[in-house]
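You will see chain A twice below: alongside chain B first, and alongside chain C after that.
Moving on, here comes the complex of A and B:
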């Protein structure tokens, strides 16, 4: 009998809890409907909308490593200079003992290095600081600084008839800074392709060759190509723009003296072919582009029939133009190309054979004479002027490898740091850049996501059958907190995204083990949106402010209400500028299985072209012009070109 | 010194196959021809004294073709319990232990290998002596999980034998190219297939030397070695190799010195090879004349003294008891519940055949064939080639498929006899018809990929 009140109390308690639960659910649903304008939503987590940027992993401080970037060697072969962008340092090492002799703090992420002919000054391009600094090598002090284009990553020095020049690749502003050294000033800033990333000059200083890393978005289902840009270093005049046909990730360039060649390692991409397999370079392979001063380009394979050398980047050519050394960051290898053998093959080949050479994986055996193993993630390479030493920056090893070029054997390392094995983010970057997880080491995560960003291409995965629409490759910079992932919103986490499914669809080999997957997720979550630190909390210009009002508008200029679900900021809700829900915005293609697509976040959207789930829109403007969807993707039909420009200007600030 | 497990074996221990020196007459089957009655698997340890072998196949009537698991903890080999019994795969520890039968295949099992995930790979059935390439039920590759059911993974019209698992996880095996005309000698070649039976692909050897090919092995120096012979059934074999960088353009002798009868070449894990060669006839040597084990370096100019030679036996095979990297695995995407796969050809006009081998006419459609039985080939249907030469078709899974390119008058321009297959749910692509080897596709969207696949499954699935 004494149990009855307890039971009644429990029942009342349960009823109250149920009522509270029902009420909360009802309120939540009404709240969702009110703010989203959509009636089709089930309950979603509060953090779809309510989260704080400062709580995201990429907003937290992370460990800085002594990762080597650009390299330079003094004209007397005795000193090696190394840029450490993460540590804001440039260091000098002894070429014989391989010991570090001097250090200099250089703010702004020094990345690319160039040295003048006399060895008096070293120039460092600061990727995050948008400047180039001159370092006096006698005192090892920064003596001059010059603001240039955005994201300078590489520089080359050349003597011209009108004096010494620096030619600098500005990877973010997509242009080239041509700088005179006396006085130290920018002469011109000609336009380049997308992400100019490497520079080399002809020995006589008449031409500078600039390799651009990313392909320029093309029309839907068209082949995208990156660009080789030729400029006149003396005046900064743009001479020629020539495509690396169906290729990208051109991150290095070197001139072969005596041959008139500019050599660029690149990835030959085959994104238009359905990914039914990866064998036989079906998705991509590595190549070497041979360009001349007229912009003619022949692409040659660097891979083998059953072994691949992924993510080729840095290249160095000896002064005699006899051998090229190409580092492959994905497979930890230096490939040695005998340029005499290569020239011999070219001399005997028909035009058709040259055109098709890049597709023949058995051809590299004709001219590749050695493969030298390196530490993790070699990215830059340079030769001592006497040609006896090759230096290779092993970026994720915190070391620079020295190689005897006669014996083709490593002889030692310049140790810069501990490799960061205790840092999960660093370990994750090692996983991200390692091609060993892919069948026959064909590519790494970085092959499609350079530095975690986009390659600007769309791919046709065959998981749902052959021939469905291409899927735009999305940036992983700023991915933390944006799950679910994929355009179909099927992957709840990075671990799921990059695990067994990824192994089945793309890697075609064993899945990445669990511990490595966690490290990989830690690395990806640590990536901020592109250039976030520079854009964050910047004061808006008048045009950007007008654009912001359009983005947050609830009424058209004529005073007509915009349906809630078609207001930009409802789906693209701050702070991520995504409510992380599936939405139907009228973009379904003829072969898409659904109207619904994941709402992408917009942080750094200006850097992630092309747009929409299949990459059909080359620019932000095309979203509301060429691919306008009768106001389903935001009400935009009322906009004139000025309003559209204002909206785009605002989007560029996100 | 009765070692019961591998950890007790000293470094340098070897697993060898030995057969008696007695001349044997008729063999009961093709494997008994290679491993006559009395053949045995043994473990030998340094300093490799004759007569001190530990027998791993004790109790078996005959045994042969051993392999070692990547962790060097298990030896797998084919064995026969008694005269008249079927060959099956057995397992033992390298140092000796309890013999365990791994398979129970009707018709027998032979040539074990081990996939990246540890599954056993083998061939079945064992053909009659001299009938390997002419058997009506040719041996195919099977895969079997530990204590699991064997699943067939190759479905070609010709035998698939002597598998070995490469470091990249693919299975390399010997098979015959589709018959051309009335050629009496089969055109053997090396092929690869994923461990789930998908993506069967020609790997090396295409009319570029002696037609007999057997016992391929990845030599771990950038080459694949194999035994070559003037006839597939010839007992006189010699070592050859192809470079993995360009397998179809690099076939060459393996040894730079003359050899007399080579039975096996295996990498020794230290940059050299273990070769089983006949000692008889070697320059100036007074040896037993039997087959013995030699350690050979790739730059050797002559054959040294044997590493191990028991004059009372022929050493047919030798492999080192040492761990090696596990081959890569493969996450399968096949769907066993389905009965079809999808084939996409990027450009049927793309071919390596010389113009003399075709009429010169332009193909306008493709006829897809299937082989239902050795003497029964059926036409599954025809589909038009798109303007770029592409076509896509849904085809029955797990049957040998062939193709005929037809011109506007329905004349056959090129023909591939039924030989390749698709697994259920497999999406398979090819660059062309008899396309050049080791080519990547050109980056172009095939027109056929934007159209529904032609359904060519009905006739096969409907006909019993």
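Moving on, here comes the complex of A and C:
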């Protein structure tokens, strides 16, 4: 008897709970459908739309490490200068004792260094501050500062007939600042390729060579080629542009005195080859481009047939033009190239042999004379003017390695920090930059995602092996909170994305161990969208404000309602500017298995060209001109050119 | 007899002297002209690699290279005088090149075409279309560079690309006082931009202040300049040029000049202007070369030197010097065609793009090509 009320109460309770559950589900579904305008949605979690930027990992303070970037050595060989961009510092170290002697705070992330011929002034390019500063080396004080293009990462000093000049690579604004030193002012800012990243000057100061890291997006089925840009340092005039054919990620450049060569380490990329061909060593390999002042370029391999030296970046050439030292950030190696042997091979090679040289990995044995192991992630290299010491910035070791160039042996390190082993983000960056996890050490994560960003290419990721059906490479900067991942939205987390399947399809080796995978995810989640700090909460210009209104419009200017599912802000919902759902925007290609693609977030979208799932749109404008279908990707048919330009200007602010 | 003999001898000597110095006297006459005088023309056509007869634009860049924009591609004159062609096969957006300008800082060449804007930089062509950039329209009639901004006059307004930020601005009838969006010319004048609008006169834009001021034909008559010197001669602006404080307006109904305060107008019936159909102006110092459908002129507003071609291909020059009778002289070699579409000139030579070839004008030695005329 006593049990009956309890059972009845329980039944009533269960009915109430079921009713509440059913009611909540019905309400949630109706809520989703009301706000998304889509009737095909099942239940999705609230955080698809309701999340806060300030809660994301990349918005949290993170540890700043003493990661060395650009290097310079005083003309008397006695002092080494090191840029520490994360810590906003430039430090001076003794070339003999390798002890740090002076420190200077330089705001804006000093990254590239150049020193004048007399050793009186050091110039530091500030990547985040968009400026170059002059440091008086007698007092070790910042004495002048000059606003230049965006994201300056490298500079070279040129002694021209018209005075001293700096030629600076502005990696974000894709141009080159040519600066006179007296007075300290910008003379010209010629346009470069995409992401100019390294600069070197001919010994007579007549030409500056600028290596561009990425290829400018063209037809997505065409071969990607980044660019070598030649500039007249005296006046800033652009002399020549020459393509690094089917190659990119050119992050270093040096001139070989007496040979008329500009040498650029780069990655020979074969993104149009099916990714299944990794096993044959045919997706990317390291090369050295030899360019002359007329823009003729020959690419030579740096890898060996079964052993690769991924992510070549910094390069230094001795004053006699006899040896080149190339650092490989993915394989922790300095490759020593005998330029005499290289010249000898070139002298005896036919034009066809020179054209095909980059594909013959056995050739490197002809001129690579040594491989010197380094600490983690060497990125920059410089030689003392007397050629006796090579200094290599071991970026993720917080150290600069000193190498005796006669013995080709390390002789010590300038210790800048502890290497950050206790920091999971730093450990994750080590995983990210390490080629050891791929078959024959062919590439690292960074090989396709330089600095966690895009390489601007589309790859054939399908396992069908037919060399078609490309997928645009997406930025990992700002990836936190944007899951599911991949264009097909199949991967729920970074751990899954970078885990077993990735190892089987792409790395062709054992998966990254679990602990390292967690560190890798921590690192990727720590990456903010490109230049977020500079753009966030900036006051909009009138054009950007007009564009914002278009983005959030619910009616056309004529008062016609825009269907909810085709309003920009519904799918690209703030704050990530993505509702993280699959959407059909009329872009399915003939070989795509579905109409539905993951809705990408738009934070930093201006920096991630090309666009759409296969990278078919070179520019943002093309999304609503060439590749818009029946107003499926937002209603744009009412827009005139003013409105489209305004919308694009707004998108650039995200 | 002896006296008579001496007289005859002196007379003969005088006649001989006058005969011998006659060319010098002509030169002396021309030396008083504050304008260059072309002595003869050299002609360039298919034999020299010019791909087509119709040459729309000509420009000599600061590195000494001569560029021509033709009906069939963009060409640059290389060593030995041959022209090398860049067409759509080399990446040019369209084969018909309408206009060109050089970026004085970087040396990049910008070329407008009937379908898109092109930047020729270090041997590489970068294209800008209305579908993949902020360019207002693909039909580009005029280009200029002002303060690191490339301005393009198009069939749907003018567009300005900020070369440092990559941002575009568009001005047309929606956001300026243009009567219509069809723009034929754009020209920078220190801190101002002059926009030549088809059927809407000239629009003066101050980018700093964001203001626009329209200059329209005050008499409003389509065919006749009822009141001379009262403003732009006509609202149909076919070209604009500016140099040294003087704005020159070409129309199909005469020519105008504006010095910032006063207007001056010329029509063919009342002035030495060869034709009302003027379509190109190229100022040097404070005088101006003018391309018309009936020949080329150079004038400082007071004096005129006009070059014509007859039906048989013979050329002549007419010199209108203030206070003197018009002097007409045959030329040993003629301008290749009277329909002049584009001009580039400095104080040493003049290049003229015509509808039937390219001509180079060789200046007569001793003519005061570099003198500055006083504008009254």
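We take it that the second predicted complex is superposed on the first by the 646 of 654 C-alpha atoms of A that agree within 3 Å, B and C clash if a C-alpha of one lies under 4 Å from a C-alpha of the other, contacts with A are read in each partner's own complex, and residues count from 1 in each chain.
Here, a contact is a pair of C-beta atoms (placed from the backbone, for glycine too) under 8 Å apart; a residue touches a chain by one contact, two chains touch by 3 or more.
Since the model is a prediction, treat every value here as computed from it, not as a measurement.
Chemist: Clash or fit: chain B against chain C, after overlaying the two structures on chain A?
Modeler: Pair status: fit.
Chemist: Tell me the contact category for A:439 with respect to chain B and chain C: first, second, both or neither.
Modeler: Only chain B is touched by A:439; chain C is not.
Chemist: According to the stated criteria, A:149 is in contact with first (chain B), second (chain C), both, or neither; which is it?
Modeler: In the superposition, A:149 contacts chain C only.
Chemist: Contact-wise, after the overlay, does A:226 reach chain B, chain C, both or neither (first, second, both, neither)?
Modeler: neither
Chemist: Check whether A:619 is in contact with chain B, with chain C, with both or with neither, and answer first, second, both or neither.
Modeler: The answer is second: A:619 touches chain C but not chain B.
Chemist: So in the superposed three-chain picture, is A:36 touching just chain B, just chain C, both, or none of them (first/second/both/neither)?
Modeler: Touch status of A:36: no partner.
Chemist: With both structures fitted on chain A, tell me whether chain B or chain C touches more of chain A's residues.
Modeler: Partner touching more chain A residues in the overlay: B.
Chemist: Quick check: superposed on A, how many Å separate the nearest Cα atoms of chain B and chain C?
Modeler: Between chain B and chain C, the shortest C-alpha distance works out to 20 Å.
Chemist: Quick check: in the complex, which residue numbers of chain B touch chain A?
Modeler: 116, 168-169, 199, 201, 243-250, 328-333, 342, 344, 346, 392, 427-429, 431, 436-446, 448-451, 453
Chemist: Which residues, counting only chain A, touch chain C once they are in their complex?
Modeler: Against chain C, chain A makes touches at 149, 173, 175, 187-191, 216, 227, 229-230, 236-242, 295, 543, 618-619, 621-622, 625-626, 640-642, 645, 648-649, 652.
Chemist: Looking at the complex, which residues from chain C come into contact with chain A?
Modeler: 62-63, 105-108, 119, 121-124, 126, 130-134, 136-137, 148, 156-157, 163-170, 172, 174-175
Chemist: What residues of chain A sit close enough to touch chain B in their complex?
Modeler: Residues 221, 223, 246, 268-274, 276-277, 279-282, 285, 304-307, 358-365, 368, 439-440, 460, 462-463, 465-467, 500, 503-505, 507-511, 591 of chain A touch chain B in their complex.
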